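Every chain is named by a letter (A, B, C and D) in the order it is written, and numbering of its residues begins at 1.
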Amino acid sequence: MSKIQQDITQALKCIKSGDTVLVGGFGLVGAPLTLIDGLTERDVNELTIVSNNLGESGKGLGILLNQNKIKKGIGSYFTSNRDVGDKYQKGEIELELLPQGTLAESLRAGGAGLGGYYTTTGVGTDLAIGKEEREIDGINYILEKAIRADVALIRAHKADTLGNLVYYKTARNFNPLMATAAKIVIVEVDEIVEAGELNPEEVVTPFIYIDTIVKAQQVLTKEGVVAV
Amino acid sequence: MSKIQQDITQALKCIKSGDTVLVGGFGLVGAPLTLIDGLTERDVNELTIVSNNLGESGKGLGILLNQNKIKKGIGSYFTSNRDVGDKYQKGEIELELLPQGTLAESLRAGGAGLGGYYTTTGVGTDLAIGKEEREIDGINYILEKAIRADVALIRAHKADTLGNLVYYKTARNFNPLMATAAKIVIVEVDEIVEAGELNPEEVVTPFIYIDTIVKAQQVLTKEGVVAV
Amino acid sequence: MTVQLNKAEMQHAIAARVAQELEGPCIVNLGIGIPTLVAEYMTEDNIYLHTENGLLGVTDVDDEAIDPNLVNAGKLPVGEAVGASFFNSSDSFAMIRGGHVDVAILGALQVDETGVIANWAVPGKNIMGVGGAMDLLVGAKKVFVTMSHTSKDGSSKLLKECTYPITSTRQVDMIFTELAVFKVNAGQLKLVDLMPGATIEEVREKTEAAFTE
Amino acid sequence: MTVQLNKAEMQHAIAARVAQELEGPCIVNLGIGIPTLVAEYMTEDNIYLHTENGLLGVTDVDDEAIDPNLVNAGKLPVGEAVGASFFNSSDSFAMIRGGHVDVAILGALQVDETGVIANWAVPGKNIMGVGGAMDLLVGAKKVFVTMSHTSKDGSSKLLKECTYPITSTRQVDMIFTELAVFKVNAGQLKLVDLMPGATIEEVREKTEAAFTE
């Protein structure tokens, strides 16, 4: 059965209310814009969204936020969307703020079957409150837990028909990590090539991680997001 | 100052008695054969060697073993060299046996500045004796500590003059991990190319990790190890 | 009277039987020994083989195409499939522990009657190698075990309790020997198939572990 | 009388002064704001810039070459150097936390007299973003801080104690303002340079933190 899906709504059908969803990207760079757009059209709510940012005001995940579909956001930099702060003040959204490296590492740990890890990042700060502190070989660490999710929405540059992925420049960011840490992984790509066209040495995400492939219908350009 | 070093002895000068040394490779595949050979000629002892195997009897790290230069071995599969067992029985070497995935993950954790991590591997077995067990979200894990070293000896396929590396097929194995987890990293390669010749998307080990580059003088072929 | 198979024939018979249980699409990791032979009997073309030393998409290789730097976890020469990929050891074991490998097929020294196996150490001998066995046992979605039914001295390898150090507390899913096939359900062995030439009496006689029929 | 610089000129003066402290070969990570300007004043050609969103070898980019998918941590368009490499976010922060980045140049809201900084949150405002600041502080071999010497209301940003939440317990190595340059030695600030036009009296007056001269 082919992993390639033409219909975005169909591709996103697996997402249910209450799900935890990983969303790739650093701001708009490397964000699965087509899939995010599709998600705003689905009638699901109480979502936990794990993403570095929650979009910008009224854009991308920002639309989902304004639709009140997000119960909780887990990320490192919500500042890029002022609506997040407003909703938080009103008690309309829970937020879990993590250092960017911890967000990335927790996703990797989730994908790698680890329970958690001891990191130096955040020790002695307000973000360590409630987290176990521990000295190992004379250095202080805090315990951070792995992140795992129901669904991941990611973006890559090319997929082969099996689902092997390569990325493009700094649009790589969180995407390869999120590909490993969810039960179902949906990728949006610029181009789909035949199996065998990607060099086995250069594949960044092996096909083992990918369930569904869609062609991107929205692309980030110098002029902003445009439909293709 | 160029990282390229013609003289193997000079490249290995940084290794001192008592050092912990990471040695790449899975058996002979991806092992830094030239550097290992050079190490057997250095007058250092009391070494802790971290490597999946300790060579084969009388070959590679097996020579170092027979020279009584190894105080302790950390690895996952010493069975490939029967001399290791003999020395262990006589109390002439300490051994720390780790599951292969734990060995790899501990090296990654070392390179990534983590103190340790909770893994499911080994829970309830003899290899978990003395290790902290902990339940996280209903799953039992054991705590494994990061591995860091003084020096890493690794093998790659190509280096550019800056030290960016790409690998060759299954000769990749532990090498990219060990590149991150030692204070000084020496790489042996088949080919040195100009900076700019490796595609930035395909670099596996960024040059940030590499201190010294040498050309391989011993290569694994179908006919065994041959000098080039 | 049972036709007596030699050791190699027995191993091939087991491997062929295991292959029948593999249904694509799936990702399979093959251990050293009998498991490696399973590849010869797989018929579906959407079964991909993973080897923990860093390759997804393992295939057979012709003698003239052997590359000393392209090997499986048993250090035997292999080839690469269309759509293969190479990765480092931590990424490879992340796949395994993270639950991304569907089936691991492993050899065993002993299996107990709950499906727990011992396959990495023998008491009294130096404990010298574990490799990827413990990782595969905790991580693979399903674990199939292949082994000869009895030891050289004729004693059962399916025991009430393992006398060798266990590899994981995880119970395997199926056990394949030259005599029988067992499924493990809720910590109990169930005989699901007799191998050609084997009788239920012989299986009963050579199996110390309790099992249902 | 001191020549009054406008804000942009002040920022450039600070950036230029920081650049003097960078000696190659080294790997430098530049934060948002004044730190980004440091790149314009680096003279050595073996200083490589790391950006935590996944690129080693950041360069300037001409307007016509701007690629929307090639940006720095401030989401500004950048170029790639000869010998650059791209990697994912966990590999990028592994470099940082693992001690493989030589210098991080960061902005700060406050610095205390031991060299501890606050640069990610303001009490009473929503705590909404931390980004890579905490990772860089624990991981970089050296941390340089750039900031204006005083707040808009004229109060010192070099304080006895930070009133904002700290970013790390780690003490930074150097502090650069439009008035002065401080080194941090064993938890004590030492004035090592006056910026052009600044007087020691002015620095004393505008610095709440204790420092040696």
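Everything that follows uses one rule, which is that contacts are C-beta pairs under 8 Å (C-beta built on N, C-alpha and C of every residue); 3 or more make two chains touch, one makes a residue touch a chain.
As the structure is a prediction and not an experimental result, all values here were calculated from the model.
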For subunit C and subunit D, chains touching each: A, B
Chain pair, B-D or A-D, that carries the greater number of C-beta contacts: A-D
Whole-Å separation of chain centres (CA-atom averages), subunit A against subunit C: 36
Subunit A-subunit D separation of Cα centroids, rounded to whole Å: 29
Averaged-CA centre spacing for the pair subunit B and subunit A, given as whole angstrom: 33
Of all residues in subunit B, the ones touching two or more other chains: 105, 108, 112-114, 119-120, 167-169, 201
Where subunit C touches two or more other chains at once, by residue number: 80, 86-87, 90, 93-94, 96-97, 138-139
Every chain pair meeting the contact rule: A-B, A-C, A-D, B-C, B-D
Parts of subunit C lying in touch with subunit B, wherever the complex brings them together: 51-55, 66-71, 75, 80, 86-90, 92-94, 96-97, 121, 126-135, 138-139, 165-169
Contact footprint of subunit C on subunit B as seen in their complex: 26-30, 76-80, 84-85, 88-89, 95, 97-105, 107-108, 119-127, 167-177, 204, 220-222
Touching residues (chain side subunit B, partner subunit A) in the complex: 105, 109, 112-120, 134, 136-137, 139, 141, 145, 166-169, 199, 201-202
Sites on subunit B touched by subunit D in the complex: 1, 108, 110-114, 160, 162, 164, 180-181, 195-196, 198, 200-201, 203, 206-209
Residues of subunit D that touch subunit B when the two form their complex: 25, 27, 48, 50, 56-57, 80, 82-87, 90, 93-101, 138-139
